Amino acid sequence: MGFTLEDLARYVDGRVEGDGQCEITHVATLQAAGKGDISFLSNRSYRRFLRDTGAAAVILTEGDREFCQTNCLVVDNPYVAFARISALLNPAPTHTPGIHASAVIADDASISSTASIGAHVTIGSGARVGENVHIGPGCVIGDAVSVADESFIHSNVTLCRGVTLGKRCLVHPGAVIGSDGFGIANDNGVWVKVPQIGSVVVGDDVEIGANTTIDRGALDDTVIEDGVKLDNQIQVAHNVRIGAHTAIAGCVGIAGSAVIGKHCAIGGGAVVLGHLQITDHVQITAMSLVTRSIREPGVYSSGTPLQENDEWRKNFARFRRLDDMARRLNRLEKKINETDKQE
Amino acid sequence: MGFTLEDLARYVDGRVEGDGQCEITHVATLQAAGKGDISFLSNRSYRRFLRDTGAAAVILTEGDREFCQTNCLVVDNPYVAFARISALLNPAPTHTPGIHASAVIADDASISSTASIGAHVTIGSGARVGENVHIGPGCVIGDAVSVADESFIHSNVTLCRGVTLGKRCLVHPGAVIGSDGFGIANDNGVWVKVPQIGSVVVGDDVEIGANTTIDRGALDDTVIEDGVKLDNQIQVAHNVRIGAHTAIAGCVGIAGSAVIGKHCAIGGGAVVLGHLQITDHVQITAMSLVTRSIREPGVYSSGTPLQENDEWRKNFARFRRLDDMARRLNRLEKKINETDKQE
Amino acid sequence: MGFTLEDLARYVDGRVEGDGQCEITHVATLQAAGKGDISFLSNRSYRRFLRDTGAAAVILTEGDREFCQTNCLVVDNPYVAFARISALLNPAPTHTPGIHASAVIADDASISSTASIGAHVTIGSGARVGENVHIGPGCVIGDAVSVADESFIHSNVTLCRGVTLGKRCLVHPGAVIGSDGFGIANDNGVWVKVPQIGSVVVGDDVEIGANTTIDRGALDDTVIEDGVKLDNQIQVAHNVRIGAHTAIAGCVGIAGSAVIGKHCAIGGGAVVLGHLQITDHVQITAMSLVTRSIREPGVYSSGTPLQENDEWRKNFARFRRLDDMARRLNRLEKKINETDKQE
């Protein structure tokens, strides 16, 4: 399955510099690329690999063209063009429609005849599985769950009772959607469970990473809007709302009822406290703790620098008395200023 | 299935103000509630929704009664009363007793005739499953595991060999209990595995969140006492002991042999180092690193504030030389004080 | 199944002090040990338990011998010797070779006749399972996966398409290896998926913890070298390389394309940012954020101390203006020094 560079340029609306007839069959990194491979440059720090790349062609911007020794595919956004071309050259594996003999499907579940249901899958009462949906081996699809057309659910995923998934969603292995929120009321020291009777509503084109968990709402629903991308091992608590096209990196925790805007980006290991609101177009850097609502777009951070342990220990110890340091500095300044005035 | 407000008041030992005969069928938030719905107010910041709520009745304290325009159910602890009423109005789904035809059960496992065992479940040799226990689809119950009466195990859970679960436990999808502790000994650079021959003992009324992991002990057992509530994605290492009625939020990590007291609360993303002891009634705020034992009840924290990235970078850089700043401040103070004395 | 202390000494190349003929059948902690038990001392803080231990024998160093009242097995590294002896006394459970009737195996998969395949396992097309491999109940082994001899895969594990596992690997329940990396390109606010066409290559003697996730490479492979030990709930992103004999504690996140050296140790909850390089023999303490490459062996840390919440709040607030404090200190110093010169 090959394309000419000219074909690909037309596909991504780019311009060829060099031999438009050269055949492209695979994608590869600049360092590993050889005959028939197309590569890309989107991160300036990799520009040094341009000179010696064995790639048949490289996708890059006009500004980087002069550094390239081979055929170029010039576009505005090389990484997006590369993503599209790679998807063209590496189509997702197709699955034969049908239900595996070992799957256990409730009588009143509605499964599209074009869906493919893997081995050892369990599908509950009243569930609906749309066209061309794939459900991988070992998945458990609870009662009244709805999975819309073209969604792809990998292995060992659990979708709990009543969860709704939009079109073209991609759910990776081990993810759990619709587990009970952590709702507990303290009755003189003993915790009483608060029933979690909301659900989870996931929009279209959402990707949910391996072993990520999304809790169902306590009363209203937890909502993941269209185009949201969640990496692995993320915890989304009950009644959280994540705005459209927001991307969240691995190991992030989002506490209950937090509302995150559209087009946000949250770095790995960050934690967002409950009931906060984050406006659109906010970036949170890795491992930050979001302790307050964020009303203005921008980049936000917390944390301290990595240091050699001996150095760090000294600073660490001083932090313990930072308030005292600040007070002493204030006093000293005041004293000096008074002395100045007296003189 | 409805109750009068009077019925509910009797059930939670509260007092009706208004029409005790009004019919209650559902629970809802103040904002969403309509005819037949009962809501609650336990967080002062939601008091503004009281005026316009469409709820048939609201559970609240005596102090909030004057702000309420509809029927009231007055109690000391509205959230606990709400939890009880919600559980009454939303009973957990019941499962027909019996073993699904696809389940694989060892000949010598003992399964109560009132238990319900889902599709694709595997139960090992010598395992014991008590009365009214539910084990969801895809669970793996290892050899010699014991699950006591009334416990509910959701889908795709793994209980490893020998693990013991108390009564009325609730285990959410993807949880793993009894995996090997991380015991490795360094033999001149190469790690040698230390067999993990302890087990995990879980008390009564324990809730364990989705994809949470609890390791088996190295020699003695890992112990989770009665009434402990664990949120999702928590890691509990070998030989940890968590005291009764302690609640731990999502993404917390507890290192080996840490002992956590009773009635503690640990915020999301916190980490407790190994071999530490935390006394009863301690609260740890989100994302704190517990680096030392805690002997006194109270609230404990670590970390730095979230800031706009440009501001944060400057402070971040200064932290690197905080010890130096402290020394310079000391010197300056000394100098000024000496000058004072000389004058 | 018992051994004399003399047998064990020979097995670990140690020296008996006391009765070499005493029979040893089990291992136990110093505190719990009784007749027939062997214990060990490797952490000085446990030395106080030596005097009253009921152990038949204790593994310890020459230096600790004088504090011991019972038979001694003297070695250089007691913890390693203990690990070996414990493995001898507690052999891993064996599994009868064969494929469970409920397993679903692709026709062209190659399964060794000595392998044991559990209930409800799914094995894809072209997969290869080596000699004496155990695959636990509920595992999903994708197309073209290869699991080498003597590896042990616990329950509900997913190995995605094309993943390669070395010999004697140990994979704990719920782990996911080979899920898609988090590769997304931003096309005017909408995320476009970048196909993840690399795989994961895991070396020999690697241990992978419960619910740990390792993503497949975007173009090249993600690589876990020989002897690496990963605890639970770790997230390893695409194209990461982890060097041989490195050990990583629970809840760590490693972002894309990070390269970690050999013989490193990373503490629980730490995060390593993407595209960084960490040299060999580096230790990162718990919950540190690695924001830059590390070129020198050593111990590295970040973070602030745990404090009583009231104290911490004050310091926390001051951190917000640390840069300002530093500037003011500079000015004050300059002023004082100038005054000095004038005098």
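When the chains are written out, they are named A, B and C in that same order, and each has its own residue count from 1.
Keep this in mind: contacts are C-beta pairs under 8 Å (C-beta built on N, C-alpha and C of every residue); 3 or more make two chains touch, one makes a residue touch a chain.
No experiment lies behind these values; they were computed from the predicted model shown.
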TODO: Quote the value, from 0 to 180 degrees and to the nearest 5, of the angle by which the CA atoms of subunit A must be rotated to coincide with those of subunit B.
DONE: 120
- [ ] Determine whether subunit B and subunit C, two copies of the same sequence, contact each other through the same residue numbers or different ones, counting it as same when over half of the numbers at the interface appear on both sides.
- [x] different
Open item on the list: Need the CA-centroid distance for the pair subunit B / subunit C, whole Å please.
Closed with: 25
Task: Multi-partner residues of subunit A (at least 2 other chains) - done: 102, 120, 138, 156, 174, 211, 233, 251, 269, 303-305, 307, 317, 319, 321-322, 325, 329, 332, 336
- [ ] Note which residues of subunit C are touching subunit B in the complex, please.
- [x] 27-29, 32, 77, 79-80, 82-84, 86-87, 90, 92-93, 100, 102, 118-120, 136-138, 154-156, 170, 172-174, 207, 209-211, 227, 229, 231-233, 245, 247, 249-251, 263, 268-269, 286-287, 303-309, 312-313, 316-317, 319-323, 325-326, 329, 332-333, 336
Task: Touch list for subunit A against partner subunit B, complex - done: 102, 104, 120, 122, 138, 140, 142-143, 156, 158, 160-161, 174, 176, 179-180, 182-187, 189-195, 197, 211, 213, 215, 219-220, 233, 235, 237, 251, 253, 255, 269, 271, 273, 283, 285, 288-292, 298-305, 307, 311, 314-315, 317-319, 321-322, 325, 328-329, 332, 335-336
